[in-house]
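Common to both upcoming complexes is chain A, partnered first by chain B, then by chain C.
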Partner chain A sequence: MFITDLSAISPQLTYNENFLLGDKKSYESTVFNAIEPDYTELIPRNLLRRMGKAVRIGIGTGTPLINKNSELDGIIIGTANGGLEDCIRFLNQIIEYNEGTLTPTNFVQSTPNAIAGQLALIGKNRGYNITYTNGGTSFENAILDGILLFNEGNNKKLLIGGIEEISEYNYNIDSLSNKFKKETIKDSKLLESNTPGTICGEGAALFVVENESNNYYAQIKDVAQITYPSIEDLRECLTEMLERNNLKSTDIDSIMLGYNGDINHNHWYEYIENKIFKKSNSFTFKNLIGDYRTCSAFATWLSSHIINGEKKILKHISRRINNKNTPKNILIYNHFDTVRHGFILLSK
Partner chain B sequence: MGKTREEIKVELKKHIVEYLNLLDIKPEEIEDDQPLFGPDLGLDSIDSVELIVLLDREYGLKINNPTEGRAILVDVNTIVDYILENK
Partner chain C sequence: MKVVVTGIGIVSAIGNNVAANETQLKLQKSGIDKAKNFKSRYTNSLNFGEVRLSDSELKKILHITKKGYCRTALLATMAFKEAINHSKLTKSEIESYRTGFISSSTVGGMCNTDELYADANMKGEPSEFIKTYGGGEHTLQLIKDFNIKGFTSTINTACSSSANAIMLGCRLIKAGRLDRVIVGGSDSLSKFSVNGFNSLMILSKEPCKPFDENRDGLTLGEGSGYLVLERSDIAKNKKPLAEVIGYGNSNDAFHPSATSNEAFGPTLAMQRAIESTGIKKLNIDYINAHGTGTPNNDITELFAFNKIFSKIPPYNSTKSYTGHTLAAAGAIESIFSILSMKNNELYPSLNCLNPITKFNNPPIKKKTNITIDTVMSNSFGFGGNCTSIIFSKIK
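Showing the complex of A and B:
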């Protein structure tokens, strides 16, 4: 699967070239909010005024890709929660107005598949259209579906991506289960904070992927996922993936790890970093965008640019550098709240 | 004492902008006789449902008959007429 085009809206200036040119935004907060572009040239105003944030950033990220790639065979989106803010607003109305007359807009916008559906409507795409809502591996499942479709041989070009918004609801509920830090923290200090919880982030990263290409950013070679694993299970899952790609751990020159500053999560990443890939370069990404269930889509966006030779961003994400050459293989390893773990293997 | 026609108009325009989340349109910019579903405001069928919800929640008025709704939701004047007649 070849990534031939990509776009991202995130807490960094990723929508234009500023971030790749070295302009990194710094935060000292309990949340990292996405920096949204001016959508007025991109999204019809009648659609824009109804969109919640998840839909807005998804459509804002995907529409330029659709405009440049009209011959898409399908759209596959991963989002754990979709437009949760609108969903809760709608549910609250049911109670507030005693199941009386309800406004349709919040309901229409709140379903997770509203993003893929509206992308299809905007792009007049009548192809395959599906949304995965598999929690912390929603994006990994979107990739897996794309790989399976290409293997069947009937599709040549797909739009895939991962999208999540910060909603008051998910932030409050997840905060009650101590997922997020109670104190504000500087992004530069997040990964060394040594306290429970992480920082809540949000964003959208979408990719045009093709089954064959000579002009591409990176290849997604494989994806693997496992739920509630032991360390041994995780190692086995990873080993199986490497073996079916004829790779040894020493072939992976770089790893992109989901370190999120939560003292209760670090040991998983430390195991992968220090026990399996001791000689690989090690990068991080959540110090840029915070943590959310489909953040591996941003890690894929970032890794694709690194494999494609972008260097100015490396100083913000490098944890261990053993080889200064442009990486040829990057393995992304991420988990959300230690439950769902995913690996994404990228190569030049 | 009930609200005057003018007061209801001002209030209704604010509700329309708020309920329909009309970007960059101020309530006072909506003309009393401006067609709501014409090219200016560009409202559509989902907005008509939102307006029905608005009338129910803010004025306690239910529009159950679609034909009746078509005659009521023409412009601000026709909606205010309906409010005054049924309040």
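Showing the complex of A and C:
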């Protein structure tokens, strides 16, 4: 599938693309919050007021893409948690008002499929519509669905994306299960921190994908995923995907890795980087945006721009450069909490 | 290439396995009643389609001694086990890279409302459920318990979730990505869902009355349903129950929690499902309607039937037996559709005393035996998500 348009709201200035011109935000914090644009031109004020952050950044990213691309055949969204802030706000009301008379706004906004539903509403899009809530491979699920739809032949143009918000509550819940660092940390020091835990991030990255195009940013060639793998399982999963695409590991000139500064997560990335793709360039992305379950959508946004020739961002993400040419293939490898692992293969 | 159903499993308000559910359908006995296990301010004032097993009884039956299994995961494990046993899947088949698993839930681990409240607000020590709240966490528990290595997914399109799981499963087999896939969903009664639907004022005080002129809302249920789908050539030594011959998905693009008067989404989902079979003049013998019992759903669904069919096929809402099981509804009702087809038997829609007057087309009134070769199951959800699935007998 060909990425012909894309948009992202993230902790970097990705929405107006100043980030691509070299304007990088630095953080020293326990969370990397998304930089949200002024939505007033985009979303009517009365609707905006009711939207939780996940819905807001999803609609904020998706609406311009819908407006520019009228003939969308369907909408596929991956979001592990959807509007969790609204969800727990509703929950708090349940407990604090002892299940009294509650307002439905938070409930309706909290369902993960509210984002794809509202995007359909905005675009009057009665095509295929689905929401994946599969934790760390929700966006990978969405890509595979898109690939299937194109191969089936009834769809030509889709909106796909990955969205996650930080709420106080999901931060608390994930903190209690020790996912985050206890200390504040500089973004530039995150990846070599050598301590357990990562930094919580958030964002939305949405893509217009088409089954045929001559004018595109990058192609998504394939996707693969596996849960609770051993290293051997992971290698088998990857090998199978490469073989399916008639590629050898040496054909992959660049890899984009999900290093997140958690000392307990690194060995998976090191294995891919140093055992399988020894000669490839390697890039990172979580030093820019932190970690969250659908961050591979941001990695896809970033990789698409790199394949399309953007250079000014490279200095912030390069780990190992063996070849200074514009990458032709980028393999994204990411896992969340070592449980769900995903590969996304992009090409020029 | 054909995709066939080789195993089914259910737990619902009308029984803890497929046989018990089938018996209650034949007896025309609803499982909607006052709740015994579910504790809420509404326990005594509302009716529910509650599974008649407590969490500890479920754990005992399933031999689960570990902590951290929410009710959604326990119900899922019950139905999942029945489905894979029914299909006689071997351990190596379940663990094969060519076997997938697609689940769905709306409430997921948030059924533990009080624990979630404490954990999210950091009141006290983390509860045993700290890692189980996410919608995809029950899927992970099954993946781990059954060592599933192939493609896995979790879907949340509200009340059409497990219908979309069936649809995705078929498409993955047809695309050659999988040989077999276990598909379905699970949802348990929770303060979260009850108060959510209550705040929208769409819960009925009485047991729900789908397609009745005086219907006044839905009755929440709980349960789980899973189907084993296999490529027909690898299932040739089995006796498949049905073939999945069509599926269609559409968004109504009208309102976050109501269907358009024109029923755009339901109509398109059904039409796409019918078209996808590739059969000219497809005859549908029975429709398991979405039929929630809300004023909005039932009139719009009937409107859509009227638009699509010159003569509306016999239809019912089995939510009058189980209550609305949310994400599980698509799978549970697909299984009921398959049972109707297997038995050549139509089961009446319960509680419909005065059928909707606008259309002179009441749901099935009494148990009837007719030849049923093709059935359609509808699932429509909040967010405009509509999906229809069509099954046929094995020819």
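We take it that the second predicted complex is superposed on the first by the 348 of 348 C-alpha atoms of A that agree within 3 Å, B and C clash if a C-alpha of one lies under 4 Å from a C-alpha of the other, contacts with A are read in each partner's own complex, and residues count from 1 in each chain.
Simple rule for what comes next: a residue touches a chain if its C-beta (ideal position, glycine included) is under 8 Å from a C-beta of that chain, and two chains touch if they have at least 3 such contacts.
If you're wondering where the values come from, they're calculated on a predicted model, not measured in any experiment.
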Problem - First, second, both or neither for A:I94, with chain B first and chain C second - result: second
Practice task
For A:L48, select first, second, both or neither according to whether it touches chain B, chain C, the two together, or no partner.
Solution key: first
Practice task
Kindly classify A:L102 by the partners it touches after superposition: chain B alone (first), chain C alone (second), both, or neither?
Solution key: both
Practice task
Kindly classify A:K315 by the partners it touches after superposition: chain B alone (first), chain C alone (second), both, or neither?
Solution key: neither
Practice task
Please work out whether A:K324 is in contact with chain B alone, chain C alone, both, or neither, and reply first, second, both or neither.
Solution key: neither
Exercise for the section: Kindly classify A:K248 by the partners it touches after superposition: chain B alone (first), chain C alone (second), both, or neither? Expected result: neither
Practice task
Scan A:Y228 for contacts with chain B and chain C and give back first, second, both or neither.
Solution key: second
Problem - Larger contact residue set on chain A - chain B or chain C - result: C
Exercise for the section: Please write out, lowest number first, the residues of chain A touched by both chain B and chain C across the two complexes. Expected result: 100-104, 108
Completion exercise
Within the complex, chain A is touched by chain B residues 19-23, 42, 44, 46, 49-50, 52-53, 56-57, 62
Practice task
Within their complex, state which residues of chain A touch chain B.
Solution key: 45-46, 48-50, 97, 100-105, 108
Handout entry: Interface residues, chain C side, partner chain A - complex
Key = 40-42, 97, 106, 108, 110, 113-114, 116-117, 119-122, 126, 130-131, 133-137, 139-140, 143-144, 148-149, 151-158, 164, 168, 171-172, 175, 177, 191-192, 194-196, 198-200, 249-257, 264-265, 268, 381-385
Problem - chain C contact footprint on chain A (complex, rising order) - result: 75, 80-82, 87-88, 90-95, 98-104, 107-108, 111-114, 116-118, 120-121, 123-135, 137-138, 141, 144-145, 148, 151-152, 169-170, 172-173, 175-177, 225-229, 233, 236-237, 240, 339-340
